[in-house]
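Heads up, there are several structures right after this.
The same chain A turns up in both complexes below, where it pairs with chain B and then with chain C.
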Partner chain A sequence: MNELVAAVPWLGRRNPMAARWLIIVLALAAPLIAMMFGRSWVRVLDFALLYMMLALGLNVVVGFAGLLDLGYIAFYAVGAYTFAFLASPHFGVHWPFWAVLPLGAAFAALAGIALGFPVLRLRGDYLAIVTLGFGEIIRIFMNNLNYPINITNGPQGINMIDPIVLFGWDLSRTLKIGDFTINSLYLYYYFFLLCVAGSILLIQRLQISRIGRAWAAMRDDELAAKAIGINIRNMKLLAFSLGATFGGVAGCLFGAFQGFVSPESFSLMESIAVLTMVVFGGMGNIAGAVVGALVLALLPEVLRDIAVPIQQMLFDRVLLDPEVLRMLLLSLAMILMMLLRPVGLIPAKARYAHPEHLPRKKEARP
Partner chain B sequence: MITLLEARGIGKRFGGLTALDDVSLTINKGEVYGLIGPNGAGKTTLFNVLTGAYMPDGGEFVFNGSQLPTGKPHKVVGRGIARTFQNIRLFRELTALENVMAGHHIRTRAGIWGILTQSRFTREEERLTTERAYELLDYVGIAHLAEAVSKNLSYGDQRRLEIARALATEPHLLALDEPAAGMNATETAQLRRLIDQIRHDGVTVLLIEHDVKLVMGLCDRVAVLDFGRKIAEDVPSVVQRDPKVIEAYLGGGHKHVA
Partner chain C sequence: METLLQQLINGLTIGSVYALVALGYTMVYGILGLINFAHGDLVMVGALSALQTMMFLMGVAPGMSPIAMLTLALLVAMPVCMMLGFTMERLAYRRLRNAPRLAPLITAIGMSFLLQTIAMILWGRSYHTFPQLISTTPLQPIAGVFITPVQIAILITSALIMVALILLVTRTRVGRAMRATAENHKVASLMGVDTNAVIAMTFVVGAALAAVAGVMFASNYGIAHYGMGFMPGLKAFTAAVLGGIGNLGGAMLGGITLGLVESFGAGYIEDLSFGFLNSSYQDIFAFIILGLVLIFRPTGLLGERVSDRA
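Showing the complex of A and B:
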């Protein structure tokens, strides 16, 4: 949160308290503003929050621990499919949300460890290639495990997944309080917002801890990290599994929110999109992941909204399919960022110590 | 005199090159033990084998009465051996303070649940780690740079920071690989006082150094390596006059010794 506050332009440094409230108010008011442009924009915001969780989780692996992971979306898939298996008519099982969520997280963490073990000795390009392969393997499994026994229902995916029900309160139904009705999209928005806030809190705690420092040490110089007694193997496995946990939780939310999962949601392009968000925002700091995810989840939608009418106006038809356009825009954003600002949108320094613990705080020095 | 570290017949080859050839030596508790020799003699390799960065081809180390594990750096640090590097290796993106705090990692215990829930134990340990790190920065004389990102520090300050980080692991034996390299006269004098202080505070020091004045002034005993073999081991004044040592330095056309 402090990093986010500091990242608010102009106000962040001058008046952190005001910046803090600005963020809170904006976060709470965002869906109301979006609604003015139409219901689909609230949905876009809901997805932006899911992407935020993914970016936050991937940032643990890539930004904190320095392990380039190109298959991160696999953990999202594990979470989403866990939810789909245990809360849908597919197997006729309808476990409650609170029971499935920890399971989805746990399976994703296990998948993280399963990925971590074989790649312990790999670095850089080699690591990227193996993780990429891992992501694809998971997707291909989901695609093909419908024969001889139908487990995943193959490319058709799984339908009619149960919505999130919190203590008997169904988020997929419009809430009525007297004359007031609150659309389900809002309910999901605020619940996802809570999840993102929780993730930020937990990840910040990890960052400023002996584990966060061990990751940073390992990222900056593995040999030196060994020489001060850091157990590289354990720290890498921990980074993979904790990062994956956030992906798994986001996956559960995704499955329940969308009501439908299929392998095509978990393609390599999605992994790259999340990685782009992390890099675009500024690797290794929480604010970067949050802002990167927000900007890159919204920007293509906004531009797409403009691009289709403009194309129709200019050429009388749509030349570039919106989905193609999205990838094009992502790449363009990335290239521009690398050229203009290689450290990312928010190059805020991530800190790994509590400044208030310093015995002598800033004294005037001659 | 109590033996702290004993190397027994350590050997290390790289392909056809014998970097260490049956090296044995003993380091006593509380002394500053110098390790000198011409370039390529195998000094750094001995550090790497000792600290578990490389596997030895033969021999063993006995530390504090029991055998050291080989090839497991974190276990060696846990037993109480810390090192610095000849070509400084700091965590570049971290501040000076965070570098030293990272060095404390192995002496802290907070687990993942404790951290996520910020248990009282975790918070207390974190506070102590910060304080301890700050004290160590003060000890090596760079407390005023606590919040500077380490890659921006001057060369001499980086060397001192690396020593502080090594001390944060709470070692019994501190192995310094050419700590004075690249330092000017004032910085070298400060370094000498620092090493004296470290010894005085009960940490045994193993010192690789080319600066002859520093070695002769600081060390209780000195071993000389040449082409991977130990050719002398004695008090500095004797080693300095040893014909084999003079020959090693002059004969190879290497750096001079006094």
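Showing the complex of A and C:
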């Protein structure tokens, strides 16, 4: 929570308590406000929360440990497909949510270690490319493993995935308390909110723990970190697997919420989108990841609502469709942020920051 | 045996296209230490702007000879890409030259997607048929191997371009300036080399190669669309790493090797995996090679540079 206060900088500095309450109230009231604009907006908020979780997880890998991972969406995919395999008519298995969720998280963590081992020695750009390749390989397999044995059902994906059922309480059904009904989208919203809050808590504790400090040391200077006795190998593997765990959990939630998974949802563009959220918000910073995800998940939807009618009014037809606008927005956000404000929207506190981002003497690159 | 030879020809053709793109990656990396992610998308821009030119020419002068048309298309595509390469360097990468490690890379990724989006706006999402001005119907088979005129054209053109590039880098003043800058920016500029101009020049030359590669790629497959540059771009990067990044000969060797591995792999994967995998897995070879090279021989086949320059 203290971390999040940075999300409202003006108030946060003067009155952290008020800022805290503001965030809590906003988070709780958000779907009610969104409902005024239509039910689809609540759905958008649900997805924004999923993106938030992804951004938080990727932030562990990229921001804390300094390992640029361009295949992060693969872990999301692992989580989503685990849920789809174990809780859908595809294999005729219907395991309960609480059994599948840890499995999804565990498989994602294993995938993280599987990716981490070979790339232990790589840094920076090479690491980025290899992780990108890993993401693509996973996607290619999902796309093609419908032959000769049908495992993933290929490009069609798997549908009719079971919804989330918490102790016999089905989140996909409208809840009725007397005359009062609560739509399923709200139920999912508050459940996801709980998950995000839990993730934030966990990640915040992680950041200030021995592990978090070891990551920061490793990120800032690997050689020096090794010299003071940090086990680089274990720390890197831990970063990959813990980051992946959040991706896996988010994937499970996504599969259950959407009721349908296909390789299309796990394209490279999505990896890049999550990375943009982290970069945009501010690397190595929890509030940054949350705000980045919120802004970049909502903005394309807002644009969708505003830009299309405006274009129709001005040109009588839609020149830029919403998907193009989203890509344009994300790519420009990435480039402009790096050029104009490389620390991100909400810079990480100095003690957690990349020292590279702090003011320093210029030195030539070799 | 015939399959073997056939795959050899196919592999050489596609490999020489990869090599051309890989040269662009390797030159930029050699000088700046930057993976210019957007380089692959210049391939796409080259192909699509050539397509646009051809469409225009077909409308204006329907009787024009295919060779003249292709030449004109190249003469448009190359400057377009060169200008884009120059602009990218000037507006983005130059400002980030002293920035932290991740910044230029993230910018380059953004650039790549920006180019794709712009292409999507200009040319739409659909696949365009690329006019095959050089025939793709195979000639009379030699020893059971089919070779198409467009493949011959690709092989000859890319060989010529590679020779020209090597001459440019080893025999000319600009080339010497490039090598000096790659070795050490500061010292090169102390010796009177205008390093900014040299870096811009590198981007421009690389972009021109990408444009040619784009036209070749599209001519070979007869198709062009906004996302066509990404995969070849990645593969070409793999080729550059495989050969030893920063090394021109390495990029060529790597490109050809990758092309061969891919075409043999696609040809034999079904037998090798007992029918479990098929040729739709073709794209994973590049990634597997990339992973293996980086893990076991990060300097590549011919390179001396090490993978981590922290």
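Note that in this section the second predicted complex is superposed on the first by the 345 of 366 C-alpha atoms of A that agree within 3 Å, B and C clash if a C-alpha of one lies under 4 Å from a C-alpha of the other, contacts with A are read in each partner's own complex, and residues count from 1 in each chain.
Definition applied: a residue touches a chain if its C-beta (ideal position, glycine included) is under 8 Å from a C-beta of that chain, and two chains touch if they have at least 3 such contacts.
Bear in mind the structure is a predicted one, so any value in this text is a computation, not a measurement.
By the touch criterion defined above, A:L202 reaches chain B but does not reach chain C. Residue contacts after overlaying the shared chain place A:I137 against chain C, while chain B stays out of touching range. By the touch criterion defined above, A:M327 reaches chain C but does not reach chain B. By the touch criterion stated above, A:M338 is placed in contact with chain C alone, chain B being left untouched. Of the two partner chains placed by superposition, only chain C is touched by A:Y126; chain B is not. Counting residues of chain A touched by each partner, chain B versus chain C, the larger count belongs to C.
In the superposed model, A:V302 lies in contact with neither chain B nor chain C. Of the two partner chains placed by the overlay, only chain B lies in contact with A:A227; chain C stays clear of it.
Across the superposed pair, chain B and chain C both touch chain A at residues 223, 354, 357, 365. Residues 62, 66, 68, 70, 118-119, 121-126, 128-130, 132-134, 136-137, 140, 143-144, 147-148, 222-223, 268-269, 272, 275-276, 279, 283, 319-320, 324, 327-328, 330-335, 338-339, 342, 354, 356-357, 362-366 of chain A are the ones that touch chain C when the two sit in their complex. Interface residues of chain A, counted against chain B in their complex, comprise 202, 205-206, 208-211, 213-214, 216-217, 219-221, 223-232, 238, 242, 284, 349, 351-355, 357-360, 365. Within the complex formed with chain A, the chain C residues making contact are 32-35, 92, 95-107, 109-114, 116-117, 120-121, 184-186, 230, 234, 237, 241, 275-278, 280-281, 283-284, 286-288, 290-291, 294-295, 298, 307-310. Chain B contributes residues 51-53, 73-74, 76-78, 82-83, 85, 89-95, 97-98, 101-106, 108, 110, 112, 115-116, 118, 122, 125-127, 129-131, 133-134, 144, 146-147, 149, 165-166, 168-169 to its touches with chain A in the complex.
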